[in-house]
Every structure is written in C-alpha cells, then in structure tokens.
Amino acid sequence: MTVTPHSTGAAPAPATAAGAEHIALEARGVNFYYGTHLALTDINLRIPARRITAIIGPSGCGKSTLLRCFNRMNELLPKTRIEGQVLFDGDDIYHPRMDPTEVRFRIGMVFQKPNPFPKSIFDNVAFGPRVNGYKGDLNALVEETLQRAALWEEVKDRLKKSAFELSGGQQQRLCIARTLAVQPEVILMDEPASALDPLATLRIEDLMQELRRDYTIVIVTHNMQQAARVSDYTAFMTTEGGGKPGFLVEFGSKDQIFTTPKDPRTNDYITGRFG
Amino acid sequence: MTTSPGGSARQQHDFPVIRKGFAHELQGLQDDMLELGSMVEKAVSKSVDALKRQDLESSRRIIDDDRFINNKRYEIEEKCLRLLATQQPMARDLRIIVAVLHITVDLERQGDHAAGIAKIALRIGVEPLIKPLVDIPRMAVLALDMLHRSLDAFIKLDVAAAKAVVGADDEVDNLHNQIYRELLTYMLQDPRTINQATYLTWVAHNLERIADRSTNICERTIFAATGKMEEIGASKYF
Amino acid sequence: MASARSTAMRPNAGWRRFKSRAYYGVLVAATLTGIVVLVTLLARVLAEGLGGLSWDFIVSYPSRFASQAGILSPLMGSLWIMAFTALFSFPLGVGTALWLEFYAPKNRITDLIQTNISNLAGVPSIVYGILGLTVFVRWMALDRSVLAGALTMTLLILPVGIIAAREAFRSVPRSLGPASYALGATKWQTIWRVMLPYAFPGILTGAILSMSRAIGETAPLIILGALTYVAFVPGSAGLAHAPLDPFTVLPIQIFNWSSRPQKEFLDIAATGIIVLLILLLTMNGLAIYLRNKFQRKAQD
Amino acid sequence: MAQAAHQAPPQGPNNPALWRRGAHRWEETLIPKVLLLMGMVSILTTVGIVVSLATEAFQFFRAVPLSDFFGDTKWSPTYSLDRHFGIWPLISGTFLVTAIAAAFALPVGLFTAIFLSEYAPDKLRRVLKPLLEVLAGIPTVVYGYFALTFVTPFILRNLPGPFADTNTFNALAAGLVVGIMIVPMIASLSEDAMIAVPQSLRAGAYALGATRLEVASRVVVPAALSGIVASFVLAISRAVGETMIVALAAGATPHITGNPLESVQTMTAYIVQVSMGETPYGTIEYKTIFAVGMMLFVITLAMNIFGHWLVRRFREHY
Amino acid sequence: MTTSPGGSARQQHDFPVIRKGFAHELQGLQDDMLELGSMVEKAVSKSVDALKRQDLESSRRIIDDDRFINNKRYEIEEKCLRLLATQQPMARDLRIIVAVLHITVDLERQGDHAAGIAKIALRIGVEPLIKPLVDIPRMAVLALDMLHRSLDAFIKLDVAAAKAVVGADDEVDNLHNQIYRELLTYMLQDPRTINQATYLTWVAHNLERIADRSTNICERTIFAATGKMEEIGASKYF
Amino acid sequence: MTVTPHSTGAAPAPATAAGAEHIALEARGVNFYYGTHLALTDINLRIPARRITAIIGPSGCGKSTLLRCFNRMNELLPKTRIEGQVLFDGDDIYHPRMDPTEVRFRIGMVFQKPNPFPKSIFDNVAFGPRVNGYKGDLNALVEETLQRAALWEEVKDRLKKSAFELSGGQQQRLCIARTLAVQPEVILMDEPASALDPLATLRIEDLMQELRRDYTIVIVTHNMQQAARVSDYTAFMTTEGGGKPGFLVEFGSKDQIFTTPKDPRTNDYITGRFG
C-alpha cells in the first residue's frame, strides 16, 4: 500500500460540513485502488466527534472499503493503494511516520460477525490492553469496560468461561467491549448487527446510543432502517454500476437525509427505487 | 408515483421500478384522495346551487350523502396508516402519505361545510330570499376553483401552482367581507331580515372556510414537495 | 399449470423408493468389508502372537532362536528414533507452516514451495530411504546411526506435519486476524497470541499422527541399512553417544521375522506386531484425547 | 457541546503513562527470516532427492544405455551369468499389484464414503470413522504379514478353481491387501469431500422431492467429484509406492505376466531386495536401485501432480 | 411511554425496555403536545377574559403570541415526521404518532380561534358591551374543560374518559344555541346592537369550534388506543 | 419421527380463521419435539391458499421448526417427533401412507442462504423435474419457470454456465425457480432474503408478490419490516424464554397485526419492546 498525494492539487471542500461540530475524522479527496481497480473516487467526508455517523449505499459501493481506510485496515490486503488524505484530529494517518498499529489502537473497529477470540471473556477484553502494554489495574479496566458495554451484569460471574458460551448478541457486545478496552477515540463498525436477531440488534443499537456520549462512532449498515434509527449523521454513497468506483452522493443529518434528501438519487435509494 | 420536477421521474421509466407493490399502493392512495376531492367539490357546488334554487330535496340529499365522504375519509386514513405501518416509507414517499393524511381531514371538513350550507338552506326553507344570490355563488365558484387547483398542484407536487392558489384566497376573503357588510346593512335596514341574513353570513363563512382549507392543502403540497412546512395563508378565525 | 403437474411427473415413485433401499444394502456391505478385515487381522495377530507376549519378550534382545528372542533393542530403537524425529520435525513443520500462512509473499516462488510440499507428501517412503542413504549415511558420513534414521524420518514426515499445521492455522476463523490488528496488535503479537493458541491442538494432533506414521515406517530404514540384529540399546555406551549408535526398529524386526519360513518366527512376528500396535494405539489415543479436549466450537 | 473543546474520553489513550506500546519491534523483523529458513528445508529435501537419485542414476545410465533399460524385457541385474537391465518386468509387477488394489479399493472406498457421509447416523459414524483411521494407521509391515500368513494360505487357497495352486508369493494377495490398505484413504478423502458439500444442498434436493439415493448420487457425489477423483489418484499413487506388503507377499520374480496367482516383483520390492542383500555399495548392481528409484519417483510424482491439479481444477466454490 | 389499560404498562417496569431512545422520543413528543395544549388553553382563557374586561392590550398580546403556538406546532409536526421516517413505528406507537400529528393541527387551530376571539375583542374595542358577558365565559369554561380532559384522556389513552368528553360537547352546543338566540333577540329589538351582537355570535362560534375540536382530539384518542376511527361528535358546521 | 394423534381429543379451533379464504395448509394442535425437548406446543394455524403468510417472532421461538413441519423436512433430523395433525388440502401429511418425498414434491421450500447445486443454471432448474420423472419438454419447462422467477432475461444467454456465476440475489431467484419447476402448490421460505443486500431483497419481495397469484407462500422472517411489506397474513409466535416451547400468539391480516394487534405481546414485539 503506497500513499500518493491526491493529484488534483488543493483538496476540495468536504461534501457537507456538519455545522459547528468538532470534526474527528476527515477524508480529503480519497481515491482507493484494489490493484488497478479504482474502488473509491474523490471521497470528501467529515465525521463529527461524539456522534454516530452512518454510511449507507448499495452493495459494492465501497462502504466497507471507506471504513477500513479510516484505520488503515485496508493495507492488510495486498496490492491496495490510497490517494488523498485521511485526517484524524488534524493529522494525516497515512503519513509515512505514522505507525499503523498506533492508528488502529486509537481508532477501533467492530466487525460484521461477532469474532471473539477463543479465550475467556476476561482475556478477550484484556487482549488489547495486554498487547498495548497497559500498566494500570487490568481487573478494574476489564470490569469498567464490560460495564460500559452493558455486559457486566450478564457475565460478571463467569469471566473465566469461554467467550463462545455467550449468545451471538452478547458476543458482539463483548467485541465492542474488547474495542473499548484500549480506550480508542473512534469506533468503526461494519454492519455490526447484520448477523444478529432483532432483539440483539436493538440491544446493540441501544448500546451505541450510550457510547456516543464518549466516542465517535462510524457505522456501515445495509439496513437503512437501522441507519435511520441510530445515526446522527448519514452519508449516502453509490456507484454507477458494478465495478465502477464508489462516490459520496450526500451527507447530512439523518433527519434531513431520511425526510428531505437533497439529491434525487438519495431519495430514490431510501424510498426503495433502485436502478 | 407522481411525476416531479426533480430528476427522479426519469428513473421510473429508464430503470426497473422496484417495490412495484408499494408504488402501486401509493398511486392508489392519491387516486382515492382525488376521488374524495371530487366528491367534496360536487357537494359544495350542489349545496350552493340547492340554496340558490331553494331545492330542499337536493339539500337533504347533500346532507345525507356526507356520510359517503366521511367513509371515504376513513378509508383513506386507514390506507395511510397501513402504508406507514407496513411499507416504511421515507423521504418524499413519507411526506406524501403524511400530507394525504392531513389533506383528507381538510377535504372531509370541506364536505362538512357543504353539508352545513345545505342545513342552512333547509333552515331558510322556502321563505323568499332577501335578495337574489349573486355574490355567494361567485364566492362558491372561487372556492371550488381553489380546491380544484390545490388538489391538482398536490398531485403534480407543483410548488409554484400551490403558491398561486393562495393568491385567490384573498379574493375570496374580500368577497366574504363584502357579503358580510352587505348582509349587515340589510339587517340594520330591516330587522326582519336578521334571521335569514345571519343564515347567509354563515353560508359565506362556510365558503370562506372551504377556501381557507384549500390553502391548507397547498401548504401540504409545498411540504410534500420540499419538506418545508410553512403557513402560507394567514389564519383567520374571524 | 398446477393441475397438469400430477400427470407429467412422478410416474415412478415406487421404483425410486425400491432403488433407494437396494443401494442401501450395497453400501452397508462395502462399509463392513473394511471392518471385517480389521477384525480378522487383529484376531489373527492376537491368536498367533498373544501367547508369546511376556515381560521376558520385552526385555530380551533378539535371538537366532525363536524361543529366546525378545524385542528390547528394536523397541528402544523405535523410541530413540521417535524422540529425535519429534525434536527435529515439530519446530520445522510449525515454522514452515507459519511462514507459508503468514509471511510468504503471494508469488510464483511461494506457489512452487507449496506445490513442492504437497508433492513431497506423496513421494514413496522408499525414495526417502534412498535420499537418507545418499545424503546422511554416505555424504554426511553419519553411518547407519540413530541420527541418520531420525533425520530421514524427519524429512519423510515433514510434509505431512507442515500440511497438518497449515490446516490447523487455516481453521482459525479468518475474522480473528483483523480483530487482533484492529486492537493495535502487531503481526507477531497476532500470530503468537491468537493464531498459535487457536491452532495448537490441531498442530499437536497432526504432529502425533505423523509420528505414529514414523513408527510404522520400515522401508526407508531398510534402505538406510538399519541392522536386523542389534544386541544392544542405543545410548548404552553413554547417553551422549546415542545419536551415533546403530539401531534397529520394531517394524524391521517384524519384517525380518515374517520373512522367515519357520512357524515359530511367524508367531513371534505376531507378538512383535502386538507390541507395535499397542505403541501406535497409545499414540492415536493421545491424539484423539487432545483433539477432543481442545476441540473448540468452530465459528464459521 | 459543539463549541466545547474536544475532550479526550475518560482515561483515553492520550494518557501515555498507562500504555507502553511498541516494545517488541525486533520480533517483527527477525522472526520472518528464521521462519523462511525453515521453509527452505522442504525445498532442500526435493533437491536432495533429485540430486541423490540423479547422480547415481547418471552413473548407472553411463554403464547401461537407456535403450537397454527400456528396450529389454528381462530384469536380472544380479545374475552375473545373464545380466539384463530391462525395467518392464518390474513395471509390470507394479502395475499388476496396483490394478488389483484399485479394482478392489475404489468401489469399496467410495461406497464406504457414501455410506458414512449420507446414510450412517451420527453415532454410527462416530464409531466407524475412528475404526477406519485405525485401519489406515496400521503399519504396512503388518499388512504384509497378514497377506503372507493369512490371505494366501487361508483365503485364496480355499477358493475353487485355479486358486488351489496359488503360489505362496503372489500378486493377488499382495494386491488385495494393498487395496485394503488404501480403502481408508479413499474413504476418508472422499468422505471429507462429501461432508464438505454443504448440508443446504441436500436440504435443497430433499425439498424438491428427491429420495436419499438421488440426493447422494445426483447431488453429493457430483459436487464432490473432484475430491473423489483426487482421492483415487492419490491412493493409486500410494499403491504404486507401497513397499513392505509387496516385499513380503508378492515375491521376487521379475517377469511380465498378467496372472495374479503368480509371484511377481515390483519396483519397490526390488529395491528392498537389493538393500537387504550383500550387493556392495558402488557396484553397477547396487546402482540399479537409484535407476529404479528414479522411475518410481517420476511415476508417483506425475500422479500426484495430476491429483493435485484435479483438486484445484474442479474445486467447487460453495 | 404512556400507561395504558392494557397489559403492556407492566412490561415497561418488569422487563428491560429496549429502544430506550425511541421510547424517550415518543415520550418527549407527547410532552411537547401537552405543552402546546397548555399554551392553547392559556390563550383561550385569556382571550375570553380580555374580551370580558375589554383589555385591548391583552388581546393584542394574545394575537401576537399565536406565533409561538404556530411554531410549536411545526416543531411537533417535524418531530412526528422524523420519528416516522427514522423509527419505523408500528402498532400503538404508530397510532400515537399519527394521532399527535392530527391533534397538533387541532390544537393549533384552537389557538387560532383564541386569536380570533382576541381580534373580535379589538374590533369591539372599548364600546360598552350590550350586556354583561356571562354565558360566553361559561361557554369558555366548558370548552376549556373539554380541551383539558381530552388531552388528559389522550395521554392516558383512556377510551372511557375520551368518550365522556363528547357528552360535554352537547352542553356547549346548547349554550351556543342559547347565546345565539339571545343575541338574535338583541339584534331584533335594537338594530344598533347588530354590529356587536354579530361579533359576539362569532365569539360563541369560535368557542363552539374549540369545543368541537376537542371532540376531534377524543376521536384520535380512541383511535390511538384501539385502532378504530369513529366520528363520535356529529360534525356541525352550522 | 413418529406421529401420535394429539392427546387432547377433539382438535381445538384454529387460532383465527382467515375469513372466507380457501385454506391450503392447516396445523391442528401440533406439538413438536427435538428428542425430549418440546419446541412447539399446540400450534393451530390455517394458511390461506394463494396468499403470503408471514411467521414472525423472536429468535428460537420455533418459526423454522413450524415451517419444516409443513413439508416433513424436520424428520430428516434424528430423534424428532410430531404430535397433532398437519393437513394439506384436507389430507394429513403425516399419515403413515403418505410418502414424504411426495409431500416435499408438492410443498416446496426455499432456504435462507441461496443453495444452488454446483451445476449449470439449466441443470439446477431441471433437477426437480428430472428426479420426479418429468415427461414433457424440459427446455420449455425450464424457460417458463425461469420466466416466472423473473430471471429469464438475465440468464437466457448463459443457461449452460455454472449457477455459481450468478450474484447472490440471482442465485436465490434461481433457487425459487428450481422450486417452481416441480410445480408445487405451496412454497415455504425460511428467511429467504436474510443473506441478501437490500436491492436483491426488494427484488425477491417483488417476485413473491408475483408468485402469490398462483402459489400459497409461507415465509419465516426475522425482518418485521419485511413481513409488513410482503405478507397478506401474519402469525406471531413467541416463547416464554429460551428452551421453553414456542406457541402461536396471534394470527391475522398483516394490516391488523401491524396497526392494531390484539395481543399486548404482539404489540410489544412489533414496537420493539422485548422482555
């Protein structure tokens, strides 16, 4: 993965400034390539801090790709290349002097399927602090983190049990707890509830509402209704056809996007009229 | 779906429409609303006509037929609720349904006003009119025109047309004032006319309300088209 | 359409059901074949060999006289060979698998190495014997020693060990890697703390099974020239010297006894087989135990 | 909120006192190199095999021209009176044993696999599979013993017709037992391939009104075909390279024959015979084992490459 | 969430409530509606008071303050739309939101009627009243009581209470008729009173409308509680 | 799997008669056991013909189990047992003289994940007719079936290509086509769109609308919104806790269920208030 400054000179203005919000993450003129295949083109997006930003759009429009650009997970795939800048609190995370593990340490990620480590519940939460050389009281940290993830009450008597003994929804909350344990500033979530049943999904959504007080959350979701329910801001991406690069159509407060989208493509998408 | 000034009318023809079922139901909803509108238009027009011709039979029928309007309204409201509950409408689809929900109430009330006029006609009965009715039918024509144009604007989601309707409301108001003043003069001149004159002020009032409610429809049209709700005609409950 | 259905289809439901049942008999018979042979073989071996099994048999050296012959030196030889083979092959196998799974660049060379390994797994064991003979016995002048035997066995089972270890690594759910990276872990932290613990039972099972293959192997050691009569145990002249001592192993001894026309030798061959099978069953049992003990609920 | 300066989350990572990151950077550079070295061992093994076979075989072919090796039909390198170096008798013996083994093992193995994956209830399978594994784990020298001391005297000689005169050493007993030996391999590899056919495909077929047999034969077996064929090829290759059974039970009579009741000699058995014998290292007789080993290597390599190619070529993507 | 006669009030306390965010927003919506209701109540009560005391200053303020009611209404409507678009409400949640959507319009119109009364007060100015106002304030008290009780019934989704409100409407209607007749008598007796008497009939009409719209609220309450929409008070546009 | 007549004597009246509709399938007092575990208790349900009936309910309440009872797919699992009756056009499908393959032939099933056979598109559709000894013109049947499944236009030029070359949504439509090819009367669908993206999901829903003219469709779905969108009738099942048997709470027209459910448990479930 190589980083090339975006070719079109000065970075264009972001699609929509989220009003007076403090901006946590910003994509500036991001292009992304898988090999020679351009998957994202000229993405300009500002993610407000301590808000939930949802990214929606048809399958293959590059939502997951964009999300992974935000914490350099994409570069774990071979032969990928990014152009443009991704700023985190003003710093370019793709700057050659930036350590990718440091970026991921500060910008956490939760995945589609719950993927706890085959370890005890405790060790799952303690994993991040351990690899990152946490020097404080691990027990206290684990408890506090599980409490934040609204899981403590359910697991406090079986911290030493395998994480696989938890239900799917609990596992996903454990994965969120695991991410919280390294105290990131941003949490990226790629369809975190799509493998869960409706009840577990609603619990995760409730949890996200709690977390948004302290964390910046970016969620990719297929489920438009979910984006409508949980997000503060919503970005709509699309592509002009399979294999064509994905681009950002519209970004705005979720109320605006879901009641009065500005772009007719957004309107058509969210009202279920796809081309 | 409606055609709209935006770019999405194109999409409906160039690309496969998904959610055919829903698109069809939404269309049906608007058709129902138009039907209700035309029922109301007929009721209003007939009620004034019956008043003018002192056709008590016709007036009675209008009052009686109001229940069809009521039923239609409930039918439409139920459809709206069903669509809201089952189709997760969003963006313009949602705004249209919410607008229909409101417009339906307005239309039904307009129907009530027509029935109100018919009731007044029954009260007046066959007692000779204190003056030949000219201005009231004129007012009715204006109000009906507004109603018609407002529904038209809604179906086309045509903001400009909707705004134009509001202008006509001023004319109706002027006429209303004029009629009111004239009837007051009658009353002052000849107290025996007071009863009938008061009845006729009610008729004028009913027509004024009908026109006013058409401006409500226009408000809802603008809202459905743009998502912005603004009171375009000042409310006048006096 | 629905009404046309019943006549156009299913004219032959009864025949289909009959065929289905008839095939069932064929399949059961085929499956029983293997089982019957196994039982017969074991019964035969036990019938012929159980009589000769005694403590004396275990602690005596082979002899020209069937009645005095024992199995001490081949047994100890087998154990020595096993120990050294395990020592060499385990780290090599796991290391190679780790490199292939996590570090190898995706290019033709890596492809070549992979193809090479799977082909090595299919090379007849006797060819490894020739390799050992040439490289270890002759070129490296290790002579017909435990070390030469163990190195040959190491190369012989290495491909199997690598493949088993790779399978174990592949059984690690794909999602765990990203999960670890996303917490700020480095690559080696991810491998050491996530991949290896998860894959370890699988690796261990594979290792034990490949070791049990090594115990049963005869041909390569024959080619190396392992002796058939060894009247001492490797290491008896000083443990440090053990790797360079000559040796024999159980299967060679069994081969030797089986090749003789006399009935008595055939019988003690059976007794030797019993000892060999006990050793093997112990190891297989261990592998199954480990597999069950550590078997994780696989996440898909 | 919006105006307020961005505060770090409680106990945020910005408190560096709590975290010590990046302490083990050296692992990231050193370890891959060590692992790469280990990976090279398998390459060296192949090189070793080829070189050790080729150097000696090269010397052999300097003495014995290829035309003799492939042109002669007699093999008697140790018989100093009438030396012949024609490989065909050994190939014939190998082929005969292998053919018998395959004829027995392919159907039995495949049917076993079908039974295990499609018919056996879970409990039964959990008993049968380990039994098959035991069968697979039995050392070949034990099979050889079995062929020699049981199959020939107690089975073959009790059969009617020409079987009564079966030679003590014969291709049939060796072939059958080699077949027995490779049944578990076929059954287990084929069963793996069939088990890997997603349950949903079976459900899909049942839901269309298919019987169990139709599900097995029309859905599962075709879907697993590449795995099944690969298991055949690999098992046959294994039979070709099999040594101890044939060394014990097939005899040491290199000649070209199709009669399974006669004694024959395979390539592997020949190599063992020489190794066990008194032939001195370095002589031309001794060098024959490298030439024969080379043949064996080339044949099995070709089959293995074919088998793996098959697997890759027909791998289904579920 | 509201408490209800059904079994689900229990659930909210015994079991974890999921969708806390939505439950909270729905609660907020109803609070907003109550606030709007109390704004309207105040406006109505003050307008009649100002009329009675001929306090022009107060009347002017009521007219002016109507915009706050309008703004509140738009705020509530927007919230409803947002909840419909983003929370996929169903069953009773949906019915509550749709009911709020309609009730808000009714409340706003009631506010307009209050402003209408204030405007009439301005027209009458300080000219002596033709009679001391007794019945009109009584009517106002009745109408306000209906409004209050209807909102209460809605918040509790109490069908019985809602139906009870409708009975009160008859009282208001009677009073309205009585006032009308009385004023007509004044007019007939002394044509100089016609102007003011007509104004006062308008006031009574406004109050009647306010009461009538409270019965609308009750209809919506029954609808929200049971899913059935029925016209419980006969519509009377005369 | 053994069939025992329901113990409580006379079959109780079905939960709700779907008005004057013709009834295609009927469960009468169905209890279902996995081993000794009672998974369904006293299910009485009448599925109207040529309508879409959706079954919704929390995870584990037995929706899939009930669905599989309708075409005897459950008995492919070991140690299962059903009590009560399932009537198909008036005949008990669990009658000892009923051939299960015949039942499945007449009552088709579509699964959660698209599961095309690893064969060509043509062979996938032709599979059912072939095993069932179809004697007519196979080519014509395949074309007609693919047309009904709204897939013909997309695949007519590549009938011989592997079914795996299709997209997920196309594969699912192929699976529907495959089911249609044996011309069943009922199609059971167990979360047929849960593995698909929103666009493909809407296409499947559109297709279901088309099919309901000729087929009785029963769909199990986690997605309440989907049930609301597509069904004519909706059944709500629940269980009083994990491991407890599932039972039917309410059955009615979807409009009634989603706007004015009668049972407070239904209301709580569909408004997202779970216990």
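The letters A, B, C, D, E and F name the chains in turn, as written, and every chain counts its residues from 1.
Everything below uses one rule, namely that a residue touches a chain if its C-beta (ideal position, glycine included) is under 8 Å from a C-beta of that chain, and two chains touch if they have at least 3 such contacts.
These numbers come from a predicted model, not from an experiment.
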*Quick one: which chains contact subunit B and subunit D both?*
A, F
*Over half of the interface residue numbers used by both subunit B and subunit E, so same, or under half, so different?*
same
*Hey, what angle do you get rotating subunit A onto subunit F on C-alpha, to the nearest 5 degrees?*
180
*Write out the two chains that share the greatest number of C-beta pairs in contact.*
C-D
*asked:* I'd like the Å distance between the centres of subunit D and subunit F, where a centre is the mean of that chain's Cα atoms.
replied: 47
*Using mean CA coordinates as chain centres, what's the subunit E-subunit F distance in Å?*
50
*Please list all residues of subunit D that touch 2 or more other chains.*
21, 209, 211, 214
*asked:* For subunit A, give me the residues that contact two or more of the other chains.
replied: 101-102, 105-106, 132, 182, 199, 202, 224-225, 228, 258-259, 272, 274
*Could you check subunit C for residues that touch two or more other chains and list them?*
10, 16-17, 184, 186, 189
*Inter-chain touch pairs (all)*: A-B, A-C, A-D, A-E, A-F, B-E, B-F, C-D, C-F, D-F, E-F
*Contacting residues of subunit B [partner subunit E, same complex]*: 66, 70, 74, 77-78, 80-81, 84-85, 88-91, 94-95, 98, 101-102, 105, 109, 112-113, 115-117, 119-120, 123, 184, 187-188, 191, 194-195, 198, 201-202, 206, 209, 229, 231, 235-238
*Which residues of subunit C touch subunit D in the complex?*
10, 16-17, 19-20, 23-24, 26-31, 33-35, 37-38, 40-41, 44-45, 48, 91-92, 95-96, 98-100, 103-104, 113, 115-120, 122-131, 133-135, 138, 155, 158-159, 162, 184, 186-189, 209, 212-213, 215-219, 222-223, 225, 251, 254-255, 258-259, 266, 269-270, 273, 276-277, 280-281, 284, 288
*For the complex, which residues does subunit E have touching subunit F?*
6-8, 11-12, 14-19, 22-23, 88-95, 226-228
*For the complex, which residues does subunit C have touching subunit A?*
106, 173, 175-186, 189, 193-194, 197-198, 296-297, 299
_Contact set on subunit F toward subunit C in their complex_ = 99, 101-102, 105, 129, 131-136, 182-183, 185, 214
